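Next come two complexes, and both contain chain A; in the first it sits with chain B, in the second with chain C.
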Partner chain A sequence: MQIDILSRGAFRSALVRLSDGESFISESGAMYRASSNVDIDVTTRTKGKGSFLRGVKRLLGGESFFLSKYSVTGGAAGEVGLAPTLPGEVHRIELDGASEWITAGGSYLGSGGDVEIDTQFQGVKGFFTGESVFFLVARGRGPLLVSAFGTVREIEVDGELTVDTSHLVAYEGSLHYRVGKIAGSWVQSFLSGEGLAIHFTGRGRVYVQSHAPNEFGRRLGPLLPQRN
Partner chain B sequence: MLHRIDHTPSYSLLEVTLDSGETVVSDAGAMAWMDPGIDVKTTTRGGILKGLKRAFLSGESFFQNTYTARRSGARIGFAPGPAGDIRHLPLRGELFLQKGAYLASSEGVQCDAKFDGLRGFFNEGLFILRVTGSGDLFFNSFGDIQEVEVSGEYVVDNGYAVAWEPSLSYRLSKARKIRSFLFSDQILLRFSGRGRVWVQSRSPHALASWVYPFRPRKKNNS
Partner chain C sequence: MQTRIIGNPDYGELIADLSAGERILAVSGAMNWMSTDLGMKARLMGGFVRSFARKFLGGASLFISEFTAPRDGSRVSLAPTLPGAIQSITLDGGTFWLTAGSFLAATPGIELRTKFYGFRAFLSGKGAFLIQASGKGEVWFNAYGALVERELDGELVVDTGHVCAFDPSVDYKIGGMGGVKQTLFSGEGLVLKFSGRGRIYLQTRNMGGTASWLSPFCRG
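Then we have the complex of A and B:
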């Protein structure tokens, strides 16, 4: 498996080259080009104990209901291009089988066929500000692709770090975290406009994106006609 | 006609330099700036019917603007609607473009809407653009443009094909499993033959669907 991040400019994407027998998973709808020998299936499962319920859980995670699975059969190599919806970067994280990575719901783009994807629900605190706090957990061995709205800043944490939930892309499972408020009280936190924060402790890497998708959406939404 | 394309692929801008008496044609509204000494004529180019077809069927303008330089070295800047890439192609013959992908061309290139049959229904409408003739053609995208050499068969997701050569034929297909159709995101264009297809790395449709949930809800008290 070879992955090229097509990294010209602001609208990045990934081109995944698969050999015979290899497979790749993505958020459904992320595929925009593929060689004709790639078999595209819709799945609710990833490696591990997959189930319908997991598909539902994934919906809550901010991703589409289903995942797409791409596999190549018939001897020849094939390729699949994957692109996120918003402008921005695509990054590859290599899972070594030992540590897991957690991505924010909207930042998962795809992963190797041997990577298990599961959903983590982070409690109802998120509903206070209307922000969902759902994560996807990736474990196993293989590549993980994440997308960001804008650019990615990688931060090495050794100690503590606070990140606004809507700027979080992904973090290493070695970190401990707590979802909470940014300012001293809930009212202040709400007024500060920062919403929910994640407080990390320990050692590990965190990917943060330069722009918050929900902030962008909130600017655009009121300019459009009302929906029923 | 000299040209340069700056700031590719994210915020591409086309700059054309004309000789005295030379002409460049663009979609009405694409001109961002120009030097003095250029005559602008707005016409339907090819007749009212062609203009109507372009406007109502293929998402381009009813009118096309013709810019003719009265002096040598006059420059014009053309900017596409979406942020993204612009490609130059020396056209000799025919090329198909997705709706809205035509930016500008030299005088010898004609741009017309083409009925694409029901197979085009899921793509950006029933019509595509057909450009013919010989000269310089400039087309644009939302996002990066990637050129794919097809030999045999190649699959592009609905709405991501910007341009393709007439030597390629295509048909719509769904992803193999029927249930995927229910989720409406796996309608594919299956190109076959030998030729080039240009693919964009983002979809305006996908972005619009993404924004949709942010629209305000209608109040119920009316």
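Then we have the complex of A and C:
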């Protein structure tokens, strides 16, 4: 399997080349091109048991109910082009089987056929993030594709890092986190317009996006006509 | 303090490295990520009464956030809500005008005030209040889209909603584009007629345009 991230600049996409016997999963609707020998199957699960419930949980996590699964037929190699909805970067994370990765708030774009995707309830701490109660957890070996609104930056955490919830793309499972206020007091935190943030501790990588989709939406929303 | 702008022109983002005790001011909600031990305080911009008046008349935020570094090597990343370019200007005792959505950040030596810019500002589609930056230090501002800098010496016509910032030595009037017919049907509507000598910064997109393009697709 070979993956190329296409286009420099503001509008990235991924081109996945599949050989015989390989498969790739993406969120539904992400495919914009495919070779004629690529077979698309709709599924609600990646690996393991349970199907319907996983789809429902994904919905709650801000992702699509169905996933698309791509494989090649006829023994020849084939290509699948995947593009996210929003303008921005696409980033590849390589899962080594040792640590799992967690993606947040609609950042999941796709993953290799051997990567298990599950939704994880974040408990009460996740309940207040305003982002999503559920995060997607990726386990196993293989590539994981995430997308961002704007640019993606990898931050190597060794100690502490605070991230605005709406700017979080993905983080390594080795990190601990808690959701809390950003300023000294709740009132200050509220007045600052920052609200809640995720405080990471430990060692691991965090991916953040330069811009926040929900902040953009909140700016645009009031300018649009009222829904009937 | 060391700062750098990354991601221009599409997704400008300001990264500030602060030494112990150093501060940076930013528009509320601009923080992307930061060192966990960085202090943050919300401050009213330009006094209590003026802040509230601005909130209701201009739609701009009441507060600015002040970040204070507890130690050397503290870092904060700031970005505007809209995708586009960021630019900085240095003030050495002078003043600079910013439209409500264009202010991103400033060093503590900069005083920020909201000023009523009159009826013409209200008609400009950016709210009746502008932000006046003055003092010594650096100011960062942002555009929706790319930033175009014009060194004005004479007159310039600018579509409403495309102005980000300008020197106090230039001023504008509200006017139509040509006669009544052109004003109503050229798709430009009211325009701003700038005159004077100084810098003017324009943005290549405006949110009103994006919204009206998107509106027909909004179905209940």
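Simple rule for what comes next: the second predicted complex is superposed on the first by the 211 of 228 C-alpha atoms of A that agree within 3 Å, B and C clash if a C-alpha of one lies under 4 Å from a C-alpha of the other, contacts with A are read in each partner's own complex, and residues count from 1 in each chain.
Here, a contact is a pair of C-beta atoms (placed from the backbone, for glycine too) under 8 Å apart; a residue touches a chain by one contact, two chains touch by 3 or more.
For clarity, every value in this text was computed on a predicted model and none was experimentally measured.
Participant: Going by the contact rule set out at the top, does A:Ala10 touch chain B (first), chain C (second), both, or neither?
Facilitator: both
Participant: State whether A:Pro225 touches chain B only (first), chain C only (second), both chains, or neither.
Facilitator: So A:Pro225 meets both chain B and chain C here.
Participant: Given the touch rule stated above, what does A:Ile25 touch, chain B (first), chain C (second), both, or neither?
Facilitator: neither
Participant: Please indicate which partner A:Pro87 is in contact with in the superposed arrangement: first for chain B, second for chain C, both, or neither.
Facilitator: A:Pro87: touches chain B and chain C.
Participant: After superposition on the shared chain, which partner residues are touched by A:Glu215: those of chain B (first), chain C (second), both, or neither?
Facilitator: So A:Glu215 only meets chain C here.
Participant: Report for A:Ala138: first if it touches chain B alone, second if chain C alone, otherwise both or neither.
Facilitator: Neither: A:Ala138 stays clear of chain B and chain C.
Participant: Should A:Ser68 be classified as contacting the first partner (chain B), the second (chain C), both, or neither?
Facilitator: After superposition on chain A, A:Ser68 lies in contact with chain B alone.
Participant: Touching A:His199 in the superposition: chain B (first), chain C (second), both, neither?
Facilitator: So A:His199 only meets chain C here.
Participant: Per the contact definition in the header, classify A:Val146: touching chain B only (first), chain C only (second), both, or neither.
Facilitator: Neither partner.
Participant: Which parts of chain A are in contact with chain B and also with chain C?
Facilitator: Common interface on chain A, chain B vs chain C: 9-10, 87, 220, 224-225, 227-228.
Participant: For chain A, which residues count as touching chain B in their complex?
Facilitator: Where chain A meets chain B, its residues are 6, 8-13, 28-29, 31-36, 38-42, 64-66, 68, 81, 83, 85-87, 217-218, 220-222, 224-228.
Participant: Considering the complex alone, what residue numbers of chain B touch chain A?
Facilitator: 8-11, 83-85, 142-144, 146, 148, 152-157, 160, 175-177, 179-180, 183, 185-186, 188, 190, 192, 199, 201-203, 206-207, 210-218
Participant: Under the touch definition given earlier, write down the residues of chain A that touch chain C in their complex.
Facilitator: Per the touch definition, chain A meets chain C at residues 9-10, 87-88, 149-151, 153, 155, 160-164, 167, 182-184, 188-189, 191-194, 197, 199-201, 206, 208, 210-212, 215-216, 219-220, 223-225, 227-228.
Participant: What residues of chain C sit close enough to touch chain A in their complex?
Facilitator: 6-7, 10-13, 28-29, 31-42, 61-63, 65, 77, 79, 81-83, 207-208, 210-212, 214-215, 218-220
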